[in-house]
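Given below, in the form of structure tokens, are the structures.
In the two complexes that follow, chain A is the common piece, with chain B as its partner first and chain C second.
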Partner chain A sequence: MLEIKNLHASVEEKEILRGINLKVNAGEVHAIMGPNGSGKSTLANVLAGRPEYSVTGGEIMYEGKDLLQMAPEIRAREGVFLAFQYPVELPGVNNTTFLRTALNEARKHRNEPEVSAGAFLAMLKKKMQLVEMPDTLLSRAVNEGFSGGEKKRNEILQMAVLEPKLAILDETDSGLDIDALRIVASGVNKLRSTDNAIIVVTHYQRLLNYIVPDFVHVLYKGKIVKSGTKELALELEEKGYDWVKDETLTAA
Partner chain B sequence: MTENSQTKNWYLSLFKDFEARLNGERSKPVHALRRAAMDRFAQIDFPSLRDEEWRFTDISPLLKHSFSYSAKKEGMVPSRDDISRFLFGGFESHVVVFVNGFYSGSLSRLLPLPKGVVIGSLAESLKEDDGRISAHLSDQVGSGLDAFTALNLAFTLDGLYINVPGGAVVDRPVHALFVSAGDEKIISQPRNLIVAGKNSQIRLIEHYVTLRSGEYFTNSVTDVVIEGNAVVDTVRLQSENLEAYHVATTTAFVHTNGTYESHAVSNGASIYRHNLNVALNGEGASTTLEGLYLTAGDQLSDTHSMIDHAAPNCTSGEHYKGILDGNSRAVFNGKIMVRQGAQKTSSYQENRNIILSEEAKVDTKPQLEIFADDVKCSHGATVGQLSKESLFYLKSRGIGEEQAKLILIYAFASDVLKNIKEDEVRVELEKVLSTRFLKGI
Partner chain C sequence: MSNSDLTVEKLANEQYKYGFVTEIDTDKIPKGLNEDVIRLISSKKNEPAWMTEWRLKAYRHWLTMKEPHWSNVNYPAIDYQDIIYYSAPKKKPTLNSLDEADPELVKAFEKLGIPIEEQKRLAGVAVDAVFDSVSVATTFKEKLSELGIIFCSMSEALQKYPDLVRKYLGSVVPYTDNFFASLNSAVFSDGSFAYIPKGVRCPMELSTYFRINASETGQFERTLIVAEEGAYVSYLEGCTAPIRDTNQLHAAVVELVALDNSEIKYSTVQNWYPGDKDGKGGIYNFVTKRGACRGVNSKISWTQVETGSAITWKYPSCILQGDNSVGEFYSVAMTNNLQQADTGTKMIHIGRNTRSTIISKGISAGRSNNSYRGQVRITKKAENARNYSQCDSLLIGDKCGAHTFPYLETNNPTAQVEHEATTSKIGADQIFYLNQRGISTEDAVRLIVNGYCKEVFKQLPMEFAVEATRLLSLSLEGSVG
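Let's look at the complex of A and B:
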């Protein structure tokens, strides 16, 4: 589904990603871990097409197409979804209208008929149960005045509505208490299927107790320095990131 | 000779011509007022950039033109079909139509009204005036006219007149439609007077529209008198064509426990200036002034408001927003005066602007003059761009650039539009927003 080859990217002239290689197949969950500043969030944002990040080398193939040639909105309509680390508040933009507009843009892109307001609402109510989201948040402006946990749940609700093929969760666990974490993770798990893939970007192993990955990759200084299965996350938890840093130094 | 004095001389000679054609009307008391206004006009000049109140608003393009006064002409009256597009679909209201400043009985239609309520033409009402209308106009002469209000009064022939007697409630709003038509270079100068007696209520939509192209000049004056406990809610919509000039002066006098609400939305005219003055003269009076100005191309929009807290326990709230594109300019000047005796005044003011282009420019200035010591006043102003974060967030959900911008523009405008009580009007304004910015952005 996704193949990243020798990806280099920089922000404000500073090189952050220095040759990432990663292959993700449908049905897989990949965790990207790494210390602060290793480039985890950069990778997530490059995949979503954030304009502040410039790709200076390498390629990303998504479903056989060149992802880097697509505008962010086209990537989204093609099934790429980024759950933001810091979801943006949109005062004056109604949450339900926003979700329906987004869904209909994707449907138009796939030459499917638009969903009526009534049909959408019925579908939305079901999806909301996945993330235990109260109805009141629907009539409010997108993320405005939402608590940290509500914002993250709203991200997963968007994911549930848009049904992406490739979802990237950027530090979705940050700032969540254990209950909120459980709700968010269980929402994500219900959306797992053999047709879609999920990339979980996280600093801590904690989230991976709930969203169990098939593969774990450790990112350090803009490169994947170690890949393994879920046991690697536990090892990291135990030994800390210094272990990887030391190993990388020794290898160099 | 400067442009300013040339233009002034033009209007002085135009007045002589106007006077000569008035025929029998010259002997009426209102004509003495016209002359007094013209005498005042002769003493003062049109404002220039040297005047503090006009520092950012260059009206020299307006002064380059020699506009003729509009004369009532048969055959120029638009048809019902022509104006139907301005009537907000099935909106149920009292419709009063003015063409180039003159009342059109054939286009106007009123719903049944409570006893004693008058809605119609100032000219007609002046014919049967018991002295109250002329007394009001005469007060205005005494209170110091500027060049534009003097010019308006000097040529006053007609305008909207509403008189709601004490206790009367007009349920459906009055939709006053000011239509510019024809192809001559004219100045149209409606003089509007709304008097709301004690405990009365009325809602008004003062709507300036155009059926013509080319340059013309609308110089309107609207006075609103709100007696004890009365409630007046006005929506002022300015949609002149993009070559037109529009100078407007609105003055509200709010007495004890009276309420004045104003929602001003503008998207037309090459140069637009709105002087909005509210005098909170009686204890417990309150006012809310909201506005939205949309500019693009080379348009200039200027709102100068003055809220005069002249009595204790009055409240005022002001919230104006601007969306600017192209090479346009906007000016917002919000003066709040709290006089010595006006204790327990509560007042806030907010002006927020979004600039969509590199070239557009806003000058915004709060101006608080406070002479009482027990007051609560706040103000704030911002000028910014659409948030890149927000745009990316919308795009990352599959919403394209144009629509994402439009969603954010709607959202920005929504908190000043949402308080417009008439749904049909609000929906129409939302349409204006989208047609205005879909192409431009």
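Let's look at the complex of A and C:
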């Protein structure tokens, strides 16, 4: 589904990603871990096409197409979804209207008919149960005045509505208490299927107790320095990131 | 410049679609202004002598005045002798229906996207169309007259109901009021007149479309609406003008009179030609609009969506004389490119328990300047007056300006006055967030702006709200930066 080859990317002339290689197949969950500043969020944002990040080398193939050639909204309509680390507030923009607009953009892209307001609302009610979201948040403006936990839940609700092929969760666990974490993670687990893939970007192993990955990659100084299965996350938790740093130094 | 900026830039360069000129024979008088010109206008319109006199008094007073320059706008000096003060489609005179109008004119209205016929059928809107200076057709007149409602052009009202006009004309905005109101009083050529008799609730929206067509003409329309005791009326006006590279002056006066227990709702969607990207051409929209809540429990509500004009300079106001009377002002003012707007309201509380609400939403894009200027005055006798003002500014890009000038004057200790103001910006992160959900940049800007204006749009009648939303998207062009 996704193949990243020798990806280099920079922000404001500063190189952050220095040759990432990663292959993700349908049905897989990959965790990207790493110390602060290792480039985890940069990778997530580059995949989504954030304009502030420029790709300076390498390629990303998604479903056989060149992802880097697509505008951010096209990537989204093609099924790439980013759950934001810091979801923005959109004052005055009604949450339901926003969700329906987003869904219909994707449906139009796939030459499917738009969903009527009534049908959409019925579907939305079901999806909301996934993340235990109260109805009141629907009539409010997108993320406006939402608590940190509500914002993250709203991200997963959007994921549930849009049913992306490739979902990237950027530090979805940050700022969540244990109950909210459990709700969000169980929402994500219910969305796992053999047809889609999920990339979980996280600093802590904690989230991976709930969303169990098939593969774990450790990112350090813009490169994947270690890959393994879920046990790698536990090892990291135990030994800390210094272990990877030391190993990298030794290898170099 | 990022990709998203470029997309919006492209969107921005969409043309002003109302910029066509209609080729119809017009009856124009030579440029310039003097007493003879005023007499000529008055005689062309076959006006009663008192009207001619009133115009002349206004003109003489105007000569003693200086053009005001206190507003936060800049423009070169206007040569008042270089303007044509009267231009009318030749194939007139009074028309009973649109069918009798010049076919070119009807075509022009169709081009404007004002399907008058359609509106008649579907919406039941009574429309008066003022083309250049003369009112062309007032539809639905008969249906209204069964209820005793008068809705016609000002010229016709002066012929048929001179006493009514004489009683109220200038009673809210006297001819001495201000420079542009005095000029209007001297030279106004047409406009709309609506009179709702006692206890009558007007069953349909009354609507006027104004169009400046001929070059070098000014448009000086005069509108007067009177709601008798217990009456209700909702009035809509829309405005467009062709693309011309010279500036044209539009100096209108609107007067509203609400008597005991009556209500007037006045909605404007203003889309005069704003000038091009570099600020060439466009309409100078210098307008005086004022309503008097004369009676107890009366209510006047102004809603305006201002997207056009090179310069907008207007303050639809309410004089709350009657006890328990209510004044409202809901405004969206959008400026792009080099447009300038200085707009707001005045709420003058005189009666007891009077209430006023001001909701102003300014949107500045391009290199434009957008100012809110509002006055809330609570006079000594206005016991328990209340006012709530909310003035929000939205900036798109970093070359535009937003300013707020609130003036508060409270002379009664029982008054409660609240003022809130916010300034926000459409951020690149908001756009990207929406992009990431599959929404294009132009739609993202629209979603955000429409969300921002929602409070005002919901005050508009349905079909006008749709029109306003569409116009706003058009004017948003070239914005995010």
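For the reader, a short list of remarks on this structure follows.
Note that in this section the second predicted complex is superposed on the first by the 252 of 252 C-alpha atoms of A that agree within 3 Å, B and C clash if a C-alpha of one lies under 4 Å from a C-alpha of the other, contacts with A are read in each partner's own complex, and residues count from 1 in each chain.
One rule holds in what follows: contacts are C-beta pairs under 8 Å (C-beta built on N, C-alpha and C of every residue); 3 or more make two chains touch, one makes a residue touch a chain.
As the structure is a prediction and not an experimental result, all values here were calculated from the model.
By the document's definition of touching, both partners, chain B and chain C, reach A:162. By the touch criterion defined above, A:93 lies against chain B and chain C together after alignment on the C-alpha atoms of chain A. Look at A:204: by the touch rule set out above, it reaches neither chain B nor chain C. By the touch criterion stated above, A:243 is placed in contact with neither chain B nor chain C. Chain A residues in contact with chain B (one complex) as well as with chain C (other complex) are 48-51, 71-73, 75-77, 81-82, 84, 87-88, 90-93, 98, 101-102, 105-106, 109, 141, 158, 162. The touching residues of chain C, when paired with chain A in their complex, are 2-4, 424, 427-430, 432-441, 443, 447-448, 450-454.
The part of chain A that touches chain B in the complex is made up of residues 48-51, 71-73, 75-77, 81-82, 84, 87-88, 90-93, 98, 101-102, 105-106, 109, 141, 158, 162. Residue ranges of chain B in contact with chain A, taken from their complex: 387-390, 392-401, 403-404, 407-408, 410-412, 414-415.
Interface residues of chain A facing chain C in the complex, by the touch rule stated above, are 48-52, 71-73, 75-77, 81-82, 84, 87-88, 90-94, 97-98, 101-102, 105-106, 109, 141, 158, 162.
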